[in-house]
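As structure tokens, here come the structures.
Next, two complexes with subunit A in common: one pairs it with subunit B, the other with subunit C.
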Partner chain A sequence: MTELLKINQVSKSFGGVQALTNVSFSIQSGEIFGLIGPNGAGKTTLFNLITGVLPVSAGHITFNQCPLQNLPPHKILRLGIARTFQNIRLFSGMTALENVMVGMHSRTHAGILGAILRNAGTRREETHSKAQAHHLLTLVGISRHSNTLAANLPYGDQRRLEIARALASQPRLLALDEPAAGMNPSERDSLRELMHALHQEFNLTLLVIEHDVQFMMQLCHRMAVLDFGELVTVDTPDKVRHHPRVIQAWLGGDT
Partner chain B sequence: MDIFLQQLINGLVLGSVYALIALGYTMVYGILGLINFAHGEITMIGAMLALAVITHLTGSALPIPVILLAGLLTAIAGCSALGLLIERIAYRPLRHAPRLAPLITAIGVSIILQNLAMLIWGRQYISFPPLLPQGWIDVAGARLTDVQLIILITSALLMLILDSLVRRTPLGRAMRATAQSPRLAGLMGIDANRIIAVTFVIGSSLAAIGGFLVSAYYGLAHYYMGFLLGLKAFSAAVLGGIGNIRGAMLGGLLLGIIESLGAGYIGPLTHGLFGSNYQDVFAFFVLIAILIIRPAGLLGESTADRA
Partner chain C sequence: MTRTPKNVRLSYSALAITLLALPFVLQFGLGRGWVRIIDLALLYSMLALGLNIVVGYAGLLDLGYIAFYAMGAYVYALLNSPQFGLHWPVWVVLPLGAACAGLFGVLLGTPTLRLRGDYLAIVTLGFGEIIRIFLNNLNEPINITNGPQGISLIDPIHIGTFSFSHNHTQWLPGLTGPVQYYYLFLAITLLIMWVALRLQHSRVGRAWAAIREDELAAAASGIALRNYKLLAFAMGATFGGLAGGLFAGFQGFVSPESFNLMESVMILCMIVLGGMGNVFGVVLGALILTAFPEALRMIGQWQLNQFGRVVVDPNNFRMLLFGMALVVMMLLRPAGLWPSRRHHREYAGERS
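Right, the complex of A and B next:
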């Protein structure tokens, strides 16, 4: 296994608030890696640093040996990191299919002239994109909704659409921010199956934030625990489960 | 001669030029939420550039269509470059500033362009060299001149191309995505700066073509022509629902027709109290009336969302 994402001594502060302090860990290629911690622990902040939404205050993040500092989000996506959002953020006025095709933007080549002239190459690329988008919608199980406006999709399907859109950029690392939020137990089970299937099919590395510890224990190979912006531990689910500070924070009470 | 039909034709021709220019307003507003008040001046610069080249080449051995095309292409290239430049130096630095700042800047840019044009081309009217076909065809008693026909066909084609570009191509999808949220579009791999630049290029090119067509239609250009033309096109965009591309097309055509019918009928209707020189008043009066009933414009959505 090779190291895919390396977080090295990363800190982030918002004014006087220290959101992350000296966090270091790395994710191996092909791993399903979990990020857990109470509300406000800095999990989403870390996602925002990785995907270039926010600049880091100190430290380094490298992806596949490439430093991500000062890269705009669209370039980081091109390197192979795609994400979903805690609060669903779809292009609500576009259909499910179009949302996925927007996700393909970084992998298509047609420029302004191609768009105006609609030459053979452009049309072929468009046909290919459309087929690919259909395939992804089928994969996440919402192909019947391909022509539905994103805003009109049921909640669970919106989450799935976000995953399909993220996959459309052909990422090596897929970062999912609370993908199971608001789902009932049976929906969670089918989501976990989907994530396992995607991990297999695309040889993906997954980075997952989730509050549901049970869900994460069954899903992840390894996990990092954050608390108040500091890294508590990085280990396998079994070891994390027995870590004194984790027991204290989640399971409540004595070790 | 059928007055109604004649005014309808004139209105359609005028309206299709308004629509071309209105598209630039609406596209930039859709993506940046900015009313680019310099857009009318870009139209004027387009007309001036085209006329300068055409006047220069008139009398040369080149065939007339080549001369006209050279003027048009120069105008398109010049206006695209100008649009890019304005976006880069005047609007981009203010992207995250309060909305009033870029608006005032846009007005400033428009004054600069106007004065620049006055310095380069002078205060006098510049006339279009007599190269254009002078024929006309009879449409049920009304007269459709060759120039009018060219304007109608050109603008209809351009609008069809733009509509399918925005609805059916990757570039169009990227534009719609950026319009909804530049940050989210960035996270999906779209370089929002590039899409915004492309939007300015497309809008400015349409303005250049619009400017060329207007100067061909009226047979002249003037450094101040961008003001009223821009105001009308902006009104057309608002009438159709600003931010909405089909709205701008509809708004342009409607405004042209209203204005033209107003000019034709306002005299008889008021027993000669108001003449056709009140056509602008009439057009804006209708605009206000429609906006009272539908404040978001004809095709605009009434939400606070940007289109």
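Right, the complex of A and C next:
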């Protein structure tokens, strides 16, 4: 296994609020890595730093040996990090299929001239995109909804569509921000199965934020625990479960 | 009627014949003035189609769009009038005007990239006014634009020795200047519609739609926001510049007051009324909003005949009806008369 994403002494402050302090860990290629912590621990902030939505205040993030500092989100995506959002952000006025086709943007090339002239190359690319989008919708299990507007999809399917859109960019690392939020236990189980399947099929590395510790224990190979913007520990689920500060943070008990 | 290939072909033929016969019908039926009105309506259609790319496709509210129309018009006017004694050929001047406008589209777009919604509208509004005021004052120290007097005696659009302003009734009865312009403008409007439709259903069009729906998600999906916003500004401005050049040649006279803020607002109204994002709706809006005020002028004449004086000024009446129409529209058809599939369902989705 090789190191895919390296987070080195990363800090982030918003004015006087220190959201993250000297966080360091790295994610190996091919693992399912979890990020847990109480509300406000800085999990989503870290996501936003990795995907270029926010600039880091201090420290370095490298992906596949390539520094991500000051890269805009679309360039980071092109390098191979795709993400979903905590509060679903689909293109709600577009169909499921179109959403996935937008996700394919970074892997397609047709420009303004191609759009107007619709030459053979553009038509071929368009056909290919459509077929690929159908394939991805089938993979996440919502192909029957391909012509439904994203806004009209059931909640769980919206989550799945967001995953399909992220997959469309052929990422190496898929970052999922609370993918199981608001789901009932059976939906969670089927989502976990989907994530395992994706991990197998694409040899994907997954970075997952989730509150549900049980869900994460069953899913992840390793996990990092954040609390008040500081890294508590990085370890396997079993060790994390018995870590004194984790017990303190979650159960509030003395150790 | 079912949509068999035969029926589709039939309705297309009927539409084509109507469009071809329209100027003659208007000319002999209602008078020559109406052909000019339809010519103007087609120019406004081009403008509305251009602005629709910026506002309808990419969701960037531009209130200074008329500036690009002005640029195209002045490029044509300066290079084809006694002002500098230049008389360049049309096939150089029209593309040059369009290109200048497109370039200014990018120049305007660059500083506004970080702005959204209301803020963007204010800045673009300012840009529109800057251009107009420049045109108004560029007669000193060197006289370039002739200031508020504007530029007159502009050469009509001509290809070789064929001038679109000259009557050719010896070829065909009723083939007057406005009728010839009608065919030229119709051809260019159809071309712009075709380009707009192709853009909409392409990778570029999807990228614009994605930016309109959710900028952050669009960026996270790999869309270079800066490039695609600038592309939308440039494309919209190019169409505006082209329409401006045609306007200058058609009208024979340009002055800064033709390019005031109210014009920008009118073009935006055409889009909103017709159906934002839908090419056909936008053209419908342009036709209605150009023809409607002209039709109202007749109410003044009617009052004069009926009561011996004008009781309600048609201009006030126009604004009254206009306001009422917009209110009714927002209540009954918030997505426009002929909405795009996408926008329509956005509104439908909000309601359900």
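Note that in this section the second predicted complex is superposed on the first by the 251 of 255 C-alpha atoms of A that agree within 3 Å, B and C clash if a C-alpha of one lies under 4 Å from a C-alpha of the other, contacts with A are read in each partner's own complex, and residues count from 1 in each chain.
Here is the rule we go by: a residue touches a chain if its C-beta (ideal position, glycine included) is under 8 Å from a C-beta of that chain, and two chains touch if they have at least 3 such contacts.
Everything quoted here is computed from the prediction, not taken from an experiment.
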Could you classify subunit B and subunit C on subunit A, in the superposed arrangement, as clash or fit? clash
After superposition on the shared chain, which partner residues are touched by A:165: those of subunit B (first), subunit C (second), both, or neither? both
Name the contact category of A:78: first (subunit B only), second (subunit C only), both, or neither. both
Between subunit B (first) and subunit C (second), which, if any, makes contact with A:152: first, second, both or neither? second
Of the two partner chains, subunit B (first) and subunit C (second), which one does A:17 touch, if any: first, second, both, or neither? neither
In the superposed view, which residues of subunit A touch subunit B and also subunit C? 51, 53, 72-74, 77-78, 83, 89, 91-94, 98, 101-103, 105-108, 110-112, 114-116, 118, 122, 125-126, 129, 165, 169
For a test of understanding, state which residues of subunit B touch subunit A in their complex under the given definition. 161, 165, 168-174, 176-177, 180-181, 183-192, 198, 201-202
Subunit C - residues contacting subunit A, complex: 195, 198-199, 202-207, 209-210, 213-214, 216-225, 231, 235, 342-343, 345-346, 349, 352
Complex contact set, residues of subunit A against subunit B: 51, 53, 72-74, 77-78, 83, 89, 91-94, 98, 101-108, 110-112, 114-116, 118, 122, 125-126, 129, 165, 169
Quick check on the complex: what are the subunit A residues that touch subunit C? 51, 53, 72-74, 77-78, 82-83, 85, 89-94, 98, 101-103, 105-108, 110-112, 114-116, 118, 122, 125-126, 129, 149, 151-152, 165, 169
